[in-house]
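What follows is a single structure, and I will ask about it in a moment.
All chains are identified by letter, namely A, B, C and D, in their written order; residue positions are counted from 1 within each chain.
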Amino acid sequence: MSRGKQFLSDNAASVHPAVWEAMKAADTADAPYDGDALSRRMDDAFGELFARECSVLWAATGTAANCLALGTMVQPHGGVICHREAHIEMDEGGAPGFYLHGAKLLLADGDGAKLTPETIAAVADAVREGVHQVHPHAISITQASEYGRAYRPAELAAIGALSRERALPLHMDGARFANAAAFLGCSAAEAAGPVDALSFGCVKNGGMNAEAIVFFAPGLADVARFRLKRAGQLQSKGRFLAAQILAMVEGGLWLANARAANAAAQEIAGAAGDRLLHPVEANELFVRCSAEERAALRGQGFGFYDWGTGAGRFVTAWNTRPDDALALAKALASL
Amino acid sequence: MSRGKQFLSDNAASVHPAVWEAMKAADTADAPYDGDALSRRMDDAFGELFARECSVLWAATGTAANCLALGTMVQPHGGVICHREAHIEMDEGGAPGFYLHGAKLLLADGDGAKLTPETIAAVADAVREGVHQVHPHAISITQASEYGRAYRPAELAAIGALSRERALPLHMDGARFANAAAFLGCSAAEAAGPVDALSFGCVKNGGMNAEAIVFFAPGLADVARFRLKRAGQLQSKGRFLAAQILAMVEGGLWLANARAANAAAQEIAGAAGDRLLHPVEANELFVRCSAEERAALRGQGFGFYDWGTGAGRFVTAWNTRPDDALALAKALASL
Amino acid sequence: MSRGKQFLSDNAASVHPAVWEAMKAADTADAPYDGDALSRRMDDAFGELFARECSVLWAATGTAANCLALGTMVQPHGGVICHREAHIEMDEGGAPGFYLHGAKLLLADGDGAKLTPETIAAVADAVREGVHQVHPHAISITQASEYGRAYRPAELAAIGALSRERALPLHMDGARFANAAAFLGCSAAEAAGPVDALSFGCVKNGGMNAEAIVFFAPGLADVARFRLKRAGQLQSKGRFLAAQILAMVEGGLWLANARAANAAAQEIAGAAGDRLLHPVEANELFVRCSAEERAALRGQGFGFYDWGTGAGRFVTAWNTRPDDALALAKALASL
Amino acid sequence: MSRGKQFLSDNAASVHPAVWEAMKAADTADAPYDGDALSRRMDDAFGELFARECSVLWAATGTAANCLALGTMVQPHGGVICHREAHIEMDEGGAPGFYLHGAKLLLADGDGAKLTPETIAAVADAVREGVHQVHPHAISITQASEYGRAYRPAELAAIGALSRERALPLHMDGARFANAAAFLGCSAAEAAGPVDALSFGCVKNGGMNAEAIVFFAPGLADVARFRLKRAGQLQSKGRFLAAQILAMVEGGLWLANARAANAAAQEIAGAAGDRLLHPVEANELFVRCSAEERAALRGQGFGFYDWGTGAGRFVTAWNTRPDDALALAKALASL
């Protein structure tokens, strides 16, 4: 179950034993779709985690989770303000265009792939009045961001204030929400801030193929339920998805796994020093290194992706072995 | 892992031990998405099964499999000829409208929810020339049909001939393909006939959450691959889906499980006699019985769905216990 | 400008002189799109006609008008209850699937292509609870219907009551609304009944290429405005569309033209006697006649469409010459 | 019919008398939709103009023309490479997202809102292989561009070569195609270059509400015909649109009108001198001037739009009076 010296991504890591166990325990036949006892337990589990009432659905992928959440907020003629390097813009194969029936992503700037009230407002304000341009209907942020940066609670509060002021519901892509929360050292509620819907990631954090969609704003889940079925995402043995999610959430595994991944990242970050393109706040490292240096690292058995022409991206996971992290740290230090 | 005296559906049955085993064996990290060794083995596995070259993708649900297959055949302004009781029309929450971007289902008749060349042609011929009505772009049939009826190889050949004559690609919804093949006692190739794409069901037959989409016509899979990602169906740990499918196909489990389910259905069918609304050819039984009789059966612990006001639907599964089938048979005989 | 002995359709008839005059008068440059003085006058003009506050947009075709109206009522995962012979189902080339992003038409029955509360409820009630089937979000009726039948005020009230009870907004396709109102001899408001949106036809009634979309329910027009632009329907010289519509509405031309067409139809109906498949209440006649009889009529110079194999459809227009109507009446009487 | 001292846009200018005349002449009833004699004459008229076989449809707006053309080239999961200031990106209210079913605009750079082979290739090359990013399916350029710049025949040839090399069909938004051709002083064929489809503008050039969609690549028009109906763009009295287009094309009015507009623009350009943000090659002028200067101009009765905070946009039309152009030239010179 080891990932060896691989730092390619956390998205294909092994499944955590506790998740396996929960899935096996779910094998007894139960009501189909989301009518089973486990699926029905999700609202309470997340309600407790976030200390806030919520309705929770599952989906097989983060792409589906993001798009189903946004689909409750955005009409087909509207748009979503997101960072120009957001996953929904860069890596989802046009899924937002599909799920949102042609709605448009309105791209905003921000350091470390994080939005600010100013960059959001700049996009919104640039839209001319009238019907000739697409108006924003929602905002989507990523916690932790695509560069592994975490929004602080105060930053979330400020974005939330803008969201309410402009009547633009707020979505959070939390594919690595756990890593952000672990870094921030705050409660789940504080790490989410005043979002209306959250894609709560499990797959990158020791799950197999289940992500949670947490709706805090009332009414949204009722729409999402229909859209989820219509998107071919309603699995008849949904209890196996709920089992994964509950295994993550109910016992605190989500946080423990994220802490392990973050710790490995910090070990490496310490050695990377000023080679780091971005402060390391979650489990992703963007490290400046030449093609020759990258070749040397690969020669030592390390797996990772090139990031542009002058850097590499290294990602740790819940099961990154301390020895492997240490070895990478040493290798980077010796470059 | 037993389903007790439940005959509600096969869609929530337990997962077969061999499937579990294959999933566990796939836990070692591998390339993400469909780049792993298992996903790459599917083409060969199905090529051997059908003795015909093919490209195979996985998806989490039958709805997704059907719609992704049809999406390669139908333009948004076109239509799909299908039976008016087909799953894509009746039970997929409008997914075809979503995946096919507003294309239309053109509803045809036929006994036992099976189409014939005549009923297909009747629909196609009724469309006026010109652009004022939606023209068919494809045909979709279900093997076994929604009433548990199997298309014979000669019937498939006749529909295939029409499909080629009219240049309407042919899709087969094979959510219960295994049950049909088991009943027909023919090869997989014969049970599929000259289809261009097949949704090969696993979930109802002992799988967890993986269906195979088998493309026989060249080129279609290349389009479907993009659509699959865009639909949020491309799981990063796709090896767990491939593992399920290969466990089904490579060792013949698909057929063994279907035979078990069919045998249980035949046991019950023998007792239901002329109460049967449809000949039992797969694992579904539609049994005429009054509200009182249904209440009596439920009083004895049997679970099943009402079918309209004068009948019940009973479905067996790969793990229906012979004792339970026998018990139901006796109960029906004593009504 | 005569249509000769043509009874093919009213949809390609000449444009009424008063409409031409209004268009010419609109030629002076004005604000683009719908910002011109004429477009801005439409709300008041229709508000007066219907004695009810409303917001009015224009579109080039009835198909666009219908679909833009329905688009304000129906989410992509929903459906529209309409008659199985409704224009949106039979003759709009799948436009509802496009404009409504894959929403579904849910087909209901009814004599003369008219719905009743009972047939509407039958469709709604047949939809299973839960997400596996498409639920209705709106109702669409046609005044006059596809068979030239007019809904009486009491019938509209009954459908309106159901619409409110079920929270299903009500749309009326009024491509031939004027003909229905002329037949009923009631006010425009009574002929519309409690609808939330009305496609008010002009093209078939002496206009060139402008239909009005009248929104009675508040808020809908604000959505439709964006959808109209997005559909490529927002003409920059929109004043020429508004001019047509105002020419129709402000001076009562809509009613005068419809009365003329209806009178010609009645002339013919009187001669057709029990050959009529449907009572003639607007300007369409469905006349039972054999292939030989149809050939004979065509030999005498009459133009019309076959209606199935045993009938012909004859349509009068605002400019049908009394002599031509009389000639057809005589010809039918002599068959 | 004068526009006074208005330089706001050419999009709401009066209709040319010859266009009115042609429309009146079309008033005799004819076959509905595009079956009339005028609509059927368009292929030949444009075939002669471009000295190349083509299929021609009409639509009411440039937005519809662009989107219908692109819809024949781009699958829903694909993208269109266009300039980041292209009309389809900036001013069509999300219509491409609607007509192309969620396909994506892939934004490229280029001086004067013109693309080059290099900027097109840069966008195409930046798309990662595989299904995680949207791949381009087509290229769209604008002649004249959004800044009134004309592609030279050699530039078109170079883009055409790339288009063929990459198998990306080429679309041209020709809302002001006539102005570009008039400026270039070349044939229509040379001004179009090797495009596969051209939106040929009439509305801004003296028409009322008809644009031509010219398909040079075989097969595309057959798809567009269905999409046009489905988009609610198929007018039943289509002869009035064809009449406008033929009036423009058959007698050379398209070129004469554009020359008049261009001449007025040149008159003004001469006076604007180095205030011009872009060379004036068509009928649009972007003139650097302060808020005070703009207020002064408006005080003298000139109408125009602000362009950002330090410039104004002035547009001439076919019917701009020489006196008005001269007056504006003088006013600019005296600033």
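FYI, contacts are C-beta pairs under 8 Å (C-beta built on N, C-alpha and C of every residue); 3 or more make two chains touch, one makes a residue touch a chain.
Per UniProt, the chains are A, B, C, D = Low specificity L-threonine aldolase.
Everything numeric in this text was worked out from a predicted model, so none of it was measured.
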Chain C and chain B - chains in contact with each: A, D
Selected from A-C, B-C or A-D, interface repeating B-D by over half of its contact pairs: A-C
Chain of greatest Cα-centre distance to chain A: C
Interface numbering overlap (same over half, different under half) for chain A and chain D: same
Intercentroid distance (Cα basis), chain C paired with chain A, Å: 50
Averaged-CA centre spacing for the pair chain D and chain A, given as whole angstrom: 42
Rounded Å distance, chain C centre to chain D centre (Cα mean): 34
Shared-contact residues (touching 2 or more other chains) in chain C: 76-77, 92-94, 97-98, 101-102, 131-132, 226, 229-230, 234
Residue ranges of chain C in contact with chain B within the complex: 76-77, 79, 90-94, 96-98, 100-104, 131-134
Residue numbers on chain C that touch chain A, as the complex places them: 75-77, 101-102, 131-132, 135, 223, 225-230, 234
Chain A contact footprint on chain B (complex, rising order): 1-4, 6, 8-9, 11-15, 20, 24, 27-32, 36, 59-61, 63-65, 67-68, 92-95, 97-99, 203-204, 208-209, 226, 229-237, 239-241
